[in-house]
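Both of the next two complexes hold chain A, though its partner changes from chain B to chain C.
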Partner chain A sequence: MINLVYNEMIKIVRKKRLLIIAAIIAVLVALFTYAQLKRVQSIQEQLGTTDWRAQLQQQIIDTQNRLNSSGLSEEWRKFLQIRLQQQQYYLDHDINPSAPGAPTFMRMFAENSIDLFIPLMVMVIAADLVSSEASGGTIKLLLTRPVKRWKILLSKYIAMILSVSFILLSLGALSYLISGVVFGFSGWTLPLLTGFSVHGEELDTANVHLISQWKYLLMEFGLVWFVSLVVGTLTFMLSVLMRSTAAVMGIMLAALISGAILSTMVSSWESAKYLFMVNLRLTDYVSGMAPPINGMTLGFSMTVLAVWGLAALIISFIVFTKRDVY
Partner chain B sequence: MTNGNATLVVKDLRKKIGKKEIIKGLSFELKKGEVFGFLGPNGAGKTTTIRMLVGLVKPTSGQILLCGYDLHREFSKAVRQIGCIVENPELYPYLTGWENLEHFVRMVPDIPKNRIKEVVELVGLQNRIHDRVSTYSLGMRQRLGIAQALLGKPKILILDEPTNGLDPVGIREMREFIRFLAEKEGLTVLVSSHLLSEIQLMCDRVAIMAKGEIIRIDTVEYLLAEQERVIWKVEPLEKAKALLEEETVIIGEEDGTLITHYDAEKVSLWNEKLVKAGIKVSEIHTKLPTLEDLFIELTEGETID
Partner chain C sequence: MKVNVVKIIAALAIFSSGLWMAGLGLAIKDQFFYEASSPVKKISLENVAEEKEDGFHIVALGDSLTRGTGDESGKGYVGYVADELQTKTKQTIRVKNLAIKGQRSAGLVSQLQQIEVQRQIKQADIILMTIGGNDLFQSGEALSNFSLERMNQAKADYLRNLHTIFKTIRHLNPDAVVFYISLYNPFNDLTDAKTTSAVVREWNFQSAEAAANYPNIIAVPTFDLFELNVNDYLYSDKFHPNKEGYKLIGERVASLITFTEGDEKND
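Up next is the complex of A and B:
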């Protein structure tokens, strides 16, 4: 089995997929680091102070102003209210939620890329794992070895998991190193609040407690890894079902993008919460953002994703072991 | 019917796709050291049959034994006995030839590492083996395909269209190589082809397939000898034709000649009859048909339905 996984890893590495993905991440991180730097600078210029309390106070005032303006949609108003309460909580407890530093940047990058950017990178790896063997004809050589079909598919699946883990590791490492050059490398022990939960319009702070940023990061990266695995598994299934890598990518892309769009407009369509693509923003539950549909919780979203992933895995194995190869 | 020498045994093999039966009960046996040809028009079921033999397509019913191992029940042991190229030898273009072979060696637990070197020399690819496959010519890919098939020292070699895309020199080399493997190494080789002359030169026995059935299976010599023809050069043609038709079947007419089946006892009698009727017989000779003639005759210019 180790040999089979080794084979699959060689193929992924020699196709230069991992290298390209690492390069894309590096470029994006550099881009966002620069954007973040500009933002910090412009806020400082506006307020004429480097005191974060003044900055946070200003943000709270901004949010309140926006809440008072008319023509605000119901969802947006709810979101802002919760946001306001959160900011107030941070200010009252004397905690700076956006203290500069590489770990803070890592956290924000992970939170913002969990529903689209990371799934996209995962898709690049997983989309052609099986379909490229089918379209290239090498599947015939692979399946005429004295190795059972499920073992071959399992080796590919394990290779996918390893690659996904590598992508996340390089995402962590690159975002830490590149942003650290600009913002400094400290901030691992910064206290952060977690345990917010949203009940209707109210932000429930009963379970809110402080944890240091490195624990918070570990938690978030765990969730990002989980999301990546589910997206990877779904792509893997499509890759088994279809010969064309382009078709696999097209379908996954459509699903992911529709998810990003749907989450902003489905609050009244309740059964949409069973779709996997509106459940991808798991890190929002940790930082206490309002979910797209009332009643969604971390446990619920993880269950939905796990069910989708498991179903995809079962379908992949059944189809791959039973199918006639032409 | 099974004897100790049989390395590949197929019993009543059938395949249904939907309601349509595309392989209708094939049975045959291959012996050690023989080259067996699979002939048939496109759509006759050759490729499906070969894919069933190597385990890519599951038969609806029937049994396949490879060196005594049942392909369905003991898949790994059975497949261990074969090496194959199904259609084009498609290898990983972004790996070198050597890496491709290493890849397949890693999938079989009991192949020693120096076996790669052996097969590379056997197919004569030493000079280019460390280049990427994407830079190979079709002939070189074909050789690498053969090398890949021979890695596990198989007892049975299954080649689908092995001379496809090769130049005349390559075709001849491939033919000699296949004969060498069968005669010197004792491999059983199953070859499918649509090039009838190839099969005729390469194979000991031939199965002719049409519409999912084997319609003939015999040694090449026997199949051809049975169909020996007599060519009559006669004048006037029409009168001779009428006379001969009283005695036998005219199977062909070509620029001033008539073609009939050969019958050792009767040919001289037919000749006598023609001469007595005042026909000028300038030439009588016998001719072995090519496999092509035979093939067209047997499959009756088959169309796919």
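Up next is the complex of A and C:
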């Protein structure tokens, strides 16, 4: 079994996909680092202060002013209201939610890429794991070996998991190293708050507690990993079902992008919460953002994702072991 | 060589799988099974009051007038005051505009309870404020639908709040000069201008009386600025000043502020 997995890893590494993904991540991180730097500078210039408390206070005032203007959509108003209460909570407890430093950048990068960018990178690896063998015809060679079919598929699946872990590791390392050059490498032990829960338009702070940034980051990467695995498994299933890698990618892309669009506009379509793609932003629950649909919680989203993932896994194995290959 | 790369990547991948799994476990433990123990410590004014940046600090409090609603450049009178002062002094002018559109006196009273707001007031060199416009006009309803009884009730509440506001500011910062910018009558060219002007004048008089109870609180009149040609100085909502109107207010306030000898610009 180990040999089979190793064999699959060789295939993935030979295709140079991991290298390309790492390069894409590096370029994006550099871009975002620059953008973030510009943003920090413009805020300082605009407010004429480097004092984070004054900056946060000004953001709160700005949000309050925006809330008082007419013509805000219901979703946007709710989002602003929750964020306002959270910012006030941070300020009242003397904790800077965005202290400059590479770990803070890593956290923001992971939070912002969890629902689209990271799934896309995972997709690049997982999309052709099986379908390329089918379209290239090598599947016949693979299946003529005296190895059970489920073992072959399992080895591919494990290789997918390993690649996903490796992608996240390079994401973490690259975002730390590149942004650290600009923002400095320290900040692992800064305190952050977690445990917010959202009830309608109210932010419940009963369970809020302090946690060091390194722990917070580890938690967030754990959740990103979970999301990546589910997306990877779904892509894997499509890759088993279809011979064309392009079709696999097309379907996954459509699903992921529709998820990003849907989650900004589904608050009135309650049953949309059972779709996997509106549940991808798990890190929002840790940081205490308003969920896209009322009543969604971390437990709910993880369950939905797990069900989708398990179903996809079962389908892949059944189809792969039963299918006629010719 | 190729094989070694694969081995390294595989080893890193296995290691990171373990790491992420631990992270996921930690997230589940922390988010689902957290037992509230010690509540997070609240900020206290004593701990943060000392951290101050250099420069001349202006804190602006109040409602949409201080916010600058109606000025397309977004400055408002606070911006013009700051611009004007910057020509007079070598110090950096630092403006903290804490005004909120539509805020009434009761809202300002509760805003002044926030620690960070208190800290900024404590550090202020001067304080600019407008309040009461929304108490009086109640978003434009009170004057068109005039009822003396309701008006007097609103005024009594407002004056009580105004006293609390002045008292709080003086308690936090006994030295900074407070410029309380009083109201003008935006309805000056309408048919019942006589009635509305009388109401605004009376309102301003009572506010100035309140201010007079405290040291260094200056009630700055604006009523006269808008008395002639009111429409030239109003924004298209016929309520807030436009750019020119804000400039008038800004010039008037700036003319009241002088610097001590050493800080003046010699040019």
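Methods note: the second predicted complex is superposed on the first by the 326 of 326 C-alpha atoms of A that agree within 3 Å, B and C clash if a C-alpha of one lies under 4 Å from a C-alpha of the other, contacts with A are read in each partner's own complex, and residues count from 1 in each chain.
As a convention for this text, a contact is a pair of C-beta atoms (placed from the backbone, for glycine too) under 8 Å apart; a residue touches a chain by one contact, two chains touch by 3 or more.
All values reported here derive from a predicted model rather than from experimental measurement.
Look at A:Ile10: by the touch rule set out above, it reaches both chain B and chain C. When the two structures are aligned on the shared chain, A:Gly137 is found in touch with chain B, with no touch to chain C. Greater residue coverage of chain A by touch, when chain B is weighed against chain C, goes to C. Once the two complexes are laid over each other on the shared chain, residue contacts for A:Glu45 go to neither chain B nor chain C. When both complexes are overlaid on chain A, the residue A:Lys148 reaches chain B alone and has no touch with chain C.
Within the superposed three-chain model, A:Asp324 lies in touch with chain B and out of touch with chain C [touch as defined at top]. In the superposition on chain A, A:Arg53 makes contact with chain C only, not with chain B. Residue contacts after overlaying the shared chain place A:Asn65 against chain C, while chain B stays out of touching range. Common to the chain B and chain C contact sets on chain A are residues 6, 10, 14.
Chain B meets chain A in the complex at residues 51, 54-58, 75-77, 79-80, 82, 84, 86-88, 90-95, 99, 103-104, 106-108, 148, 152. Per the touch definition, chain A reaches chain C in the complex via residues 6, 9-10, 13-14, 18, 47-51, 53-54, 56-58, 61, 64-65, 68-69, 88, 91-95, 161-163, 165-166, 168-169, 193-195, 206-211, 215, 218-226, 285-286, 298-299.
Every residue of chain C that touches chain A in the complex is listed here, in rising order: 2-3, 5-6, 9-10, 12-17, 19-27, 30-32, 34, 36-37, 40-43, 47-48, 51, 53, 67, 92-102, 114-117, 119-120. The touching residues of chain A, when paired with chain B in their complex, are 3-4, 6-7, 10-11, 14-15, 136-138, 140-148, 322, 324-326.
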